[in-house]
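Next, two complexes with subunit A in common: one pairs it with subunit B, the other with subunit C.
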Partner chain A sequence: MSTLRRRTILGGALGALAAPAVHAQGGKPHAGTTINASCFQTTYFEYLKNYFPQFEEKTGIKVNFTMQAFPVYNQRTDLELSTKGSAVDVCNVTFIYSGRWIGAGWFTNLDTFTRDKKYTPAEWEPQDFVGGAQSAMQNAKGETFGYTWEAGAMIAGAARYDLIEKAGLKMPTTFDELIKVCDAIHNKDNVAAFTADKLHHWNWIPYLMGMGGNVFKAPPENLTPTLATPQAAKSAEWYANLLVKYGPDGILSYSDDQSMRSQMSGRANIRTQAITWMVPLAKHAESTVRQTVRYGLMPAGPDGNFPGSNSHGLGIPAGSKKKEAAWEFIKWALSKETVSTVVKDHGYPSVCRMSVIKSPEFKQVLTLNGQDVASLFLEVLQLGGKTGYMKYRTVPVYPQVGDKINKAMERIATKQQAAPEAMKQAQAEAVQDLKKAGFKVDG
Partner chain B sequence: MTKAIKAQHRFFVFCVAPSLAVLAVITLLPSLYLLVTSFTPLNLTRPETAWDFSEPLVSYSALLSDDRLGNSIWVQIKLSFWTVALQLSIGVALALLLNVKSRLLEALRTVFLIPMVLPPIVVAIIWKVIYTPDISPMHGIFRSLGLSVPALITDPDWALTSIIIADTWEWFPFTMLMVLAALQMLPQELLDAAKVDGASPWQLTRHVTLPFIQGVLLVAGLFRLIDSIKAFPLIYILTDGGPGNLTEVTNYYSFLQAFNFSYLGFSSAITVVLLAATIALSWVIIRAVGWGVRVD
Partner chain C sequence: MQALAVVLAILALSPFLWLLVMSFKTNAEIFRWPPRLFFPPTLDNYAALWTSEFRTSFANSLVVSVASTAVSLVIGVPAAYALSRWTTRAGASITLWILASRMAPPIAFTIPYFLAYRYLELLDTLTGLVLIYLTFNLSLVIWMMRPFYDQLPRSLEEAAWIDGATMWQGFTRIILPLSGPGLAATAILCFLFAWNDFFFALILTRTDAMTAPVAVVNFMNYEGWEWGRIAAGGTMIMLPVLVFSFIVRRYLVSGLTGGAIKG
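And then the complex of A and B:
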């Protein structure tokens, strides 16, 4: 028979005292808690902020949400996570950094929350998130460290499709057709045929893969760069030529937003980019091309079609001291109901909940200028998830290798170096960086 | 030393000690940490590298085989030379022109100071607008004249020059202001004596004014040199070090290594070398140029 100790009695008494307090909070165990959350500047959270009062009313948790420009957010978060500090309770798991942040153990394993009914009701359905998008939020063991709020799917958008029709052509479906269309429409009506932003390590890769190349030998296991191959050199030259010959003057310095605005203002025509940057052409109040925009799948190369797809998710930093409150926020922000509301009220296009993507409301929202863009979106997500060709992008060293690709592309486009030479230099620099980061490479 | 003087000395030390302690914490400790870090292969994604001194010179030996670093030093030399030279010559020329008592010129002086007092990021955005063909008033004027001018910040022949122009615009007022202040201290008797001896305006400038402001020019030049080595906002906003690596200076390269790739050990080694080079260069310049004429 166990003896009744003083500590047991005190514990029981404290428990009894605490119980009425929880009741007094009206079933809001985290009432009065303030959590800090952050993400890069994005429409999803701009829209979601409107509904924060509902969350605060429901849970009693106050949310301090900050947004910064994409590179600034990534730099700050990288530093913050590395300290394992508790300044942030919820933050965005950026696609390109996901392998690095999750691999370094800087995020909390969310399976502990989703597998426990005490924290997550069955109807929240983690399986409802698109598999391809979610794969970036998992480690090699399949444990989940984030839930996705954005699934970027690369499509082609022609701001002035009327010019293409006028030339007797259609939306290009292959690389050859893309060149043919660009040749036919470039500078017609003072509109440049093609536009892109300067993030070549995202924009160029579908063209690289379409021509039979790749970034690494076999990611994530073998990270030996494959940038000095004949396919990579050929594709880099082809893409640099596409930018310089058919792009607006100054294209090499274009940011995401500048590139989108060049289309919205009708100064540039075709762009291949994630759907988030394409929808405003048809919906933004300042767009001058709402009546002429047309969408299509990313053109395919001789070796197939590899449209870029990516995803960003919400996770809980390992150092957070308010993990349960943080999970309450993620659970609410990415619930079927909340996501559906944001889609219905604001037309947000890049959702990751399959049940929402398949809903009639989503289809209606993504019917742009009379065209069903929802099915294009789903097609790209399925392509990305099927063969896993996007794995190159979530490896921990991609920021370094991506930088080498950007620089090489600029050198080729400005004729500082021939493509084989520039790609050879990119390969050598990437290998040097991988070794510095402690990775083994072949040869 | 008398007892009273000793007590006074102790009192002074007592008064200054808190400021020195704060200064040490703010300045010396981070510098010391930078130096210590440079002897580790610190990588933020690998916490075990934080205090790994097994190969203390690994980052320094990596510097020697890094071609991109070598290129960044060459870009740095070109940027520093041209910005300092232009800022000094334009600043001196304008200060000499504006060193006249006139309400109009006094108003003009204030106008010239505007670029210097603007936040550097605002200056960078102003030049981004000027250099972006679609929205640039400069390109608009050229177009209306029928002239085709390439996008300067993405043109390999113009990218670095465009940074030099923007930096010169931002900082020549600093040199101008310092020289102007020095010119106003120039004793009139010196000029009058030279005039009595029959000196021409050019001889006055060459033999009286310039030796008098030599010390100020040295200080202004050193300030600008050190600042040019720290160049960041213009490069970050305008070119991101590109096209390719044409505008990537050493300071920017170090930033990329630390904050984009997390190689803090390597970045610290670059910074330590850069710091040592700046101090050495400043010493050489001070020795070579000298402080000029002093009039007490």
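And then the complex of A and C:
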């Protein structure tokens, strides 16, 4: 009895001591907490870092934000997440790994925070994020594990549109028109007609789908690869020919940056790629094509238009021990106000908040060489969200399957193998990867 | 024959020359088409390295490489000598087991090392990197130095012992000075391994202990690569190795071949 009394007294005393401390935090329950956040090197967070003092003053949370090169970040984060580490409290959910990272349970379900008014006010509006971009941050049950800060929308960009006009043509809207334009402008003024990078598993798929093919039977439910179909072989041959016949020398080894530079330096003309790599043609100080660049929608195939769209988001690793403070950071970093500020102050072009995308400021930022590119951006994002054709990209085994696609395309383009054989081999290798990973495959 | 040698040398060195030239160009100049043979050189890329985190990473690389090389030699050289003079069967099998750390590709050790380092709080520390390189370099030191000691006649140290030297004195005053070329060759290989390592530095560091090879990769931003800085960083990374090799070049050839012929 006497122990109980002592405990009660001690508890009361501690409570009394703690009360002024809580009060002193001035409604900042996480004051004094330091969170570690991490992402790959990107301009969004370079810009956002300028506003960290505002966040720190508002919440009392200190942010230790580190950025690494894209492959370095992914490698390190994969290891950190797979070992359920607590070194990072907020990190980027990389699009190409999102299926694997979320599917393996390595991220925290953020619905816990967004559905509770204690954590998230109604005006934060999770529904304001573009649906197509957000789908990569959800699992099959529709639970959300990340909120997107970047949406990539594939469009067509012609660095030297003047050469197309000179040939009496316009931006190609179909695959047939693309070939016609390439035929007319190739090597005119020493400019190759087309350019791309070696990530064919991203660049080629819209052409595959446009010709009636697909990567998997019905992702994410049925992941049986469909790479050995006649449509896939036909499309692969067509795309390999596009690269070899109309691309600059060395195109098969181009990184995405080299491909962008080939356009910026006026060495190559048309490219179909995410908007992030298209905007610099009109805005980068080193671009020599600022006055001649023109944008359009990704050309459509006989079976429709399937421009690629991707997204990167912020999530909280399952191993984090500071989840509430981490959510405070995500809530602030991706609030309408913060995103809008980054757009207004720095002209960031790939945001995911619908309210910001529809704002006049964003339209101004994406008016490139006099052309309204904001509407193209929105159109592609909505297209991706409506039909869900991008689901192939977020299945856990896509990195491995994508690697087989890249190799098959290289074999076709370098004439080592005919398209049907190369795709048949890619199919067999993909099936092997899927089986190894424990997925059921038809037949 | 000499002309052929010069042509071959130029061919072999052309990637390095290309990297060097690129480091003095702006990004716009690097991608200029057609490329120009003569261009206005710039030191901007080198200046930019010195105002970025590359400077710290470069210092980290130096500290880690020198420390791991020194510790590997301090531990490994006496071990090699002892194993050389140890005439039991166990000596041979111990020498073989020492190679175990080199029997599997580094990727095989990734997760165990990562977990152990996290538990020991050695992640992102210079000490952690020195220890990792030590584990790999130790076997190299022992396997390279043992044949040197095998070929040195035992009568040399025996004579010293007769004159009153202790075993340690015999080793440090008689044997060690004779193994200079071997030490130089071994040191440079240890230094090169630690200096050029990318994999362990990638996995076991974050920001504080990041080394130069990883820092260079960080110039590959998501939205675009900084080619000029990558080239300048690559050139800077080559520099200490060239300087070190130049300093010890007198010993290098004899050191690399010295232990190869016994007796």
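By definition in this document, the second predicted complex is superposed on the first by the 427 of 443 C-alpha atoms of A that agree within 3 Å, B and C clash if a C-alpha of one lies under 4 Å from a C-alpha of the other, contacts with A are read in each partner's own complex, and residues count from 1 in each chain.
One rule holds for everything that comes next: a residue touches a chain if its C-beta (ideal position, glycine included) is under 8 Å from a C-beta of that chain, and two chains touch if they have at least 3 such contacts.
Values in this document were obtained by computation on a predicted structure and should not be read as measured data.
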Which of subunit B and subunit C A:E286 touches, first, second, both or neither: second
Which superposed partner A:A437 touches (first subunit B, second subunit C, both, neither): first
First (subunit B), second (subunit C), both or neither touched by A:Q54: neither
Touched partner set for A:Q75, first subunit B, second subunit C, both or neither: both
Partner chain in contact with A:R267 - subunit B first, subunit C second, else both or neither: both
Touching partner for A:T42 - first (subunit B), second (subunit C), both, neither: second
First (subunit B), second (subunit C), both or neither touched by A:R411: first
Which of subunit B and subunit C A:N222 touches, first, second, both or neither: neither
Where subunit A meets both subunit C and subunit B, residue numbers: 75, 79, 262, 267
Touching residues on subunit A, where the partner in the complex is subunit C: 40-43, 66-72, 75-76, 79, 83, 85, 87, 190, 255, 257, 260-262, 264-267, 276-277, 280, 286, 288
Contact set on subunit A toward subunit B in their complex: 75, 78-79, 82, 100, 103-104, 198, 248-253, 258, 262, 267, 396, 399-400, 403, 406-408, 410-411, 413-417, 429, 432-433, 436-438
Footprint of subunit A on subunit B - complex, ascending: 41, 43-47, 62, 65-66, 68, 131-134, 150-151, 153-156, 238-246, 256, 259-263, 266
Subunit A contact footprint on subunit C (complex, rising order): 26-28, 31-33, 110-111, 114-115, 118, 123, 202-203, 206-207, 214, 217-225, 227
